[in-house]
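In the two complexes that follow, subunit A is the common piece, with subunit B as its partner first and subunit C second.
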Partner chain A sequence: MLNVENLSISFGTDEGLITPVQGVSFSVEAGKTLGLVGESGSGKSITTKALMRLLPGNARLSPETRITYRAKNGKEIQVEKIKPHSRALRSLRGGEIGMIFQEPMASFSPVYSVGNQMVEAIRLHRGCGKREARELAVEMLQKVGISNAAVRIDQYPHEMSGGMRQRAMIALALSAGPALLIADEPTTALDVTIQAQVLDLMRELQRDLGMAMIFITHDLGVIAQIADEVAVMYLGTIVERGATRDVIRDPKHPYTQGLLKAIPSLETLHDRLSPVPGDIPSPTERPSGCPFHTRCPDAINNICNIKTPVELTPAPGRAVRCWLHDEAQSGRSAA
Partner chain B sequence: MTTGNVLIEVRDLEVHFPIQKKKLFSSEVQTLRAVDGVSFNINRGETVGLVGESGSGKTTVGRAILRAIDPTYGDVFFHTIDDDINVANSDGEELRKFRQHMNMVFSEGPVQLSSLAAERLRLFRSKMSLVFQDPYSSLNPRMTVRDIIAEPLIASGMMKDRDAIDARVREIASRCKLNLEHLRRFPHAFSGGQRQRICIARALVSKPDFVVCDESVSALDVSIQAEIVNLLKDLQEEMGVAFLFIAHDLSVVAQMSHSVAVMYVGKFVEYGPTEKLFFNPKHPYTHALLSAIPQADPDAEFNPIKLTGEIPNPLDAPEGCRFNTRCPFANDRCATKAPEWRQLEPEHYVACHYSETFDFSRR
Partner chain C sequence: MLRFTIERLVGMAVTMLLVSMMVFIIMELPPGDYADRYAFRKYSGTGVSVTEADIQAIRVELGLDKPMVLRYFDWIGNIVLRGDFGQAFAFETSVVKVIGDKVWLTLAILFTTLIITYVVSIPIGIYAAVKRGSAADYGLTIFSYLGLALPNFLLALILLYFANRWFGADIGGLFSAEYKDAPWSLAKAWDLIKHLWLPAVVLAWSAVAYQIQTMRATMSDELNRLSVTAARARGVPEGKLLIKYPARLAINPIVSTIGFDVNRIFSELPIVAAVLGLTELGELLLKAYLDLDMYVAGAILLLLTFMIVFMNFLSDILLAWLDPRIKLGA
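Let's turn to the complex of A and B:
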């Protein structure tokens, strides 16, 4: 339902043109969840903001970018061509693609009650009357597990606890009935027990409503629980893509391998952790060739630091950007 | 009082904050019991992990031990290598001796931190330190890295000679794997991991015996986090410093700590050696926390214990056991009678009426 090809985003800054996202391609199938993993600065959030045309004014999409979205009525929309401030864009945001953010306090207005904000969204996207919208809002709040929803709906965001606010945020995003939900680190700010509740809720809602989801997180544990497919990002490129299970069981890219090894485990106590050596380069000094070569333990001299790897298919349904999997370049077996 | 290897002894620590609720014509003062009776020891050169959800009072415990917040009730003893001067109640000759030791070997003790006067506390602070969560906001952008790291030495009056300070800064910076060339730079030039290393260098420059790490690795990316955890462990081995490692991420705590305390709404619910606590927890809350961590393994069973509801507001903590409103095993007794803090096995403490009946072992 969503197909992104060659998405590149540049920003004109005081320090020159920086390109935090370069040549990102992925697709999301209806009813499935795509997990987008990466560390801070890897361009996960910017990528999804581009899908909703929420980028700041100094951002430029490259001319090769194609974002194709199949709307609920079956029409295909070229998202990158929609005019700003147009009716089409307004219906896309919220109505077609919903979004939840990491910090729910920042996405609710503090001066309106939760119900007020939900009713506004519902009326805008569903075109129904006030009373009907309110009933729908209460129903939505009940669905996300807020007890006493008829009373809670008139509370202000600050009167709710963190977990409840995040639920209300989910209810708000879902109340417009989106076909695709983008969840940007929705559980990162929550405590583990509340995170478990919210993850459970999102899985359940997805099953019931049949919507597709893009789930952004830096926590591979969360990905393993919620995503059907996963795309691993590093410095603005997707370095590896595939079914979640395959990627975690048998990571092909050295970065994915390093990430998985660096996660502290509950099973082996007091072990030394294995960090990925080095620091994440800043976006202004993006390495030449493969962006990961400065930290890669298997980098091939004179190849990885010069040539940008192309996307290879080491196994069916998998994609990886790494010269190690190219026989001609690495001189060894691709397996 | 000889307690062997114990460095910090916390006894019945309570920290209350008055909360003023304004009404139209009157105001009402409520007491928020952020920490409500907590006792534990920290051994020399060891790490105690402190876990709990937000609002459980973890940070307040850390700060109260450092006397960054004044405890309302209870004692914090800082045991020094020899024993038996209670600096809190000593003056004159004894205090003079104490101060000398502060600046040299520091071999008196135990010091009752909880009632140490301000001036004496300042001297004392060089023996303990703090690493914060956010390496971006805890470094002064107008100071060079060298000045940031040297600050504790100057503030405590430990060192005055510029060359000596420089030498110490360089020594600790290289131990923390900082590039010595970078000492003249300002913090904005560094990445999150490097900044956290600067924070650690600053905390350790006065060669403290005790450092509180308050969510020190939580804001870092996984690949960097592992490196900082390893660095902290190495430094502990080299310098014999004890850590109070506060975090909400249990798997990091498991790697760092010799023993772990679990906090819930101002009270400890369980405390024990890391192995025991992680593989055979005896409190339903510990068990629920452990089960709620999503593992990066698609085949691992992920069946979090469903804790219904929210963490209670500490202003209005539930009667009886504080966990009874969310505990899947709670009954009437839990709702009326607060469980005692009791020893289950040597070194393993728990606050639950029914610990003996649970088998949460994970192996």
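Let's turn to the complex of A and C:
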């Protein structure tokens, strides 16, 4: 339902042109979940903002970018070509693609009740009257597990607890009836126990409503629970893609391997965690060649630091950008 | 909201009580009183020698011999119960008669100025913030710094010149000659409006410049909030979005300084009024001080402070309406 090809985003800044997202391609199928994983600054959030054309004014999409979205009525939309301020863009935002954010407190306006903001979204996208919209909003709040929804709907965001706010935020995004939900680290700011509840809730809602989801997180553990497919991002490019199960069992890219090793586990309590060494470089000083070579334990001298890796297919349904999987370059077997 | 409003009303009443005491004390502060002044004026140069007993007699006649506390309660009681602000000694009539029309004219100037200030500065500030970094933004910023730098009286002269030259407007005053002493009518009111805009523009000028900058700064902050992006991601149309989400919060510092604006307008009014030949309260206040005509001065001071306190009350109510967290005590 969503197909992204060659998405590149650049920003004109005082320090010159920076390109935090380069040649990203992925697709999301109806009813499925794509997990987008990466450290802070890897370009996950910007990528999804581009899908809804929410980038700031100084951002530019490259001419090769193609974002094709199949709407609920079956029509294909070229997202990168929609005019700003057009009706088409407004119905895409919210009505077709919904978005929830990491900070539920900050994503609600503090001066309107939760119900006010829900009714607004429902009326914009479902074209129904005030009373009907309110009934729908109450129903939605009940659906996300908020008890006493008829009272809660008139509360302000600051009158709710963190977990409840995130539930309300999900209800708000879903009330407009999107076919694709983009969840930008929705559980990061929550307690672990509430995290699990919210993940369960999202999985359940996805099944009930049959919507697709892009789930952004830096936590591969969360991805394992919720995503059908996973795309690992590093410095604005997708370094590895594949079915979640395959990628986690048998990571091909050294970065994915590093991320998996960095997950704390109860079985290896006595070992120290092994973090991925070094920091993610700033987009203004992108390394030449493979962007990961500065931190890669297996980097091949004179190849990885010079040539940008192309996307290889080490196994069916897998894609990886790494010279280690290219026989001609590494002299090793690709498998 | 009702409870909040009542609380603020009580607060306003207490403030007014304290202010009225202060005003009364200020009225008493200058050395001597109207009796001294009266005796001096009446008999100076006539060769008649005035004794302390004569002055005391005048004092008794004017009711100035009673103790201060008693006079305060007489004064404030008459104002609250009968709307009687006492006697204007120098004019030998009541204070109400002396200041009557001038109060309304001053209020007309005040409110016209406030309306011009907010109607102009708020939309322009929003526009500048949305178009931040554009040529229009820089142009407006330069204009507003000019506005801040230009002294009021100079601006008044310049505007007066051009208004007369280009539009044939009358020079000075709040009324045309034919309406000056005419009774109130629709035609006279229209005449007033035609004269009112000039002093109001002069007085609003620097406030507009200042408030554009305030609005632009707070609006720029609010535009970057996640809640604005979130609303945009829900497909809220841009125009409605700007007003409903960022502008409602960005307007806060402007609303909370309405009282300051009123205060500033009152302090700048006398200079502008002098240049434009207006009748307003400031000039009368000065004269009343010089004559030690304490009830006139007191009435004017009390009215001005009441206006400021009232506008502060209004700004509190507006703020609570703009941001419900205020009245919920969060």
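Keep in mind that, in the parts below, the second predicted complex is superposed on the first by the 335 of 335 C-alpha atoms of A that agree within 3 Å, B and C clash if a C-alpha of one lies under 4 Å from a C-alpha of the other, contacts with A are read in each partner's own complex, and residues count from 1 in each chain.
Criterion: a residue touches a chain if its C-beta (ideal position, glycine included) is under 8 Å from a C-beta of that chain, and two chains touch if they have at least 3 such contacts.
Predicted model, so just to flag it, every value in this text is computed and none were measured.
In this superposed model built on subunit A, subunit B and subunit C occupy separate space and fit side by side. In the overlay built on the shared chain, the residue A:V24 is in contact with neither subunit B nor subunit C. Shared-chain residue A:D200: touches subunit B; no touch with subunit C. Annotation for subunit A, partner touching more residues between subunit B and subunit C: B.
Touch criterion met: A:L259 reaches subunit B, while subunit C stays clear of it. By the touch criterion stated above, A:L92 is placed in contact with subunit C alone, subunit B being left untouched. Residue contacts after overlaying the shared chain place A:P275 against subunit B, while subunit C stays out of touching range. Residue contacts after overlaying the shared chain place A:V4 against neither subunit B nor subunit C. Once the two complexes are laid over each other on the shared chain, residue contacts for A:S107 go to subunit C alone; subunit B is not touched. Contacts of A:A183 after superposition: neither subunit B nor subunit C is touched.
The minimum CA-CA separation between subunit B and subunit C in the overlaid arrangement is 6 Å, rounded to the whole angstrom. Against subunit A, the residues of subunit C that register as touching in their complex are 225-227, 229-238, 244-245, 248-249, 322-325, 328, 330. On the subunit A side of its complex with subunit C, the touching residues are 52, 54, 85, 89-95, 98-99, 101, 103, 106-112, 117, 120-121, 124-125, 156, 158-159, 172-173, 176. Considering their complex, residues 53-54, 191-194, 221-227, 229-230, 233, 248-252, 254-255, 274-275, 278, 288-300, 302, 304, 306-307, 310-311 of subunit B touch subunit A.
Residue ranges of subunit A in contact with subunit B, taken from their complex: 39-40, 161-164, 191-197, 199-200, 218-225, 244-245, 248-249, 258-260, 262-266, 269-277, 279-280, 282.
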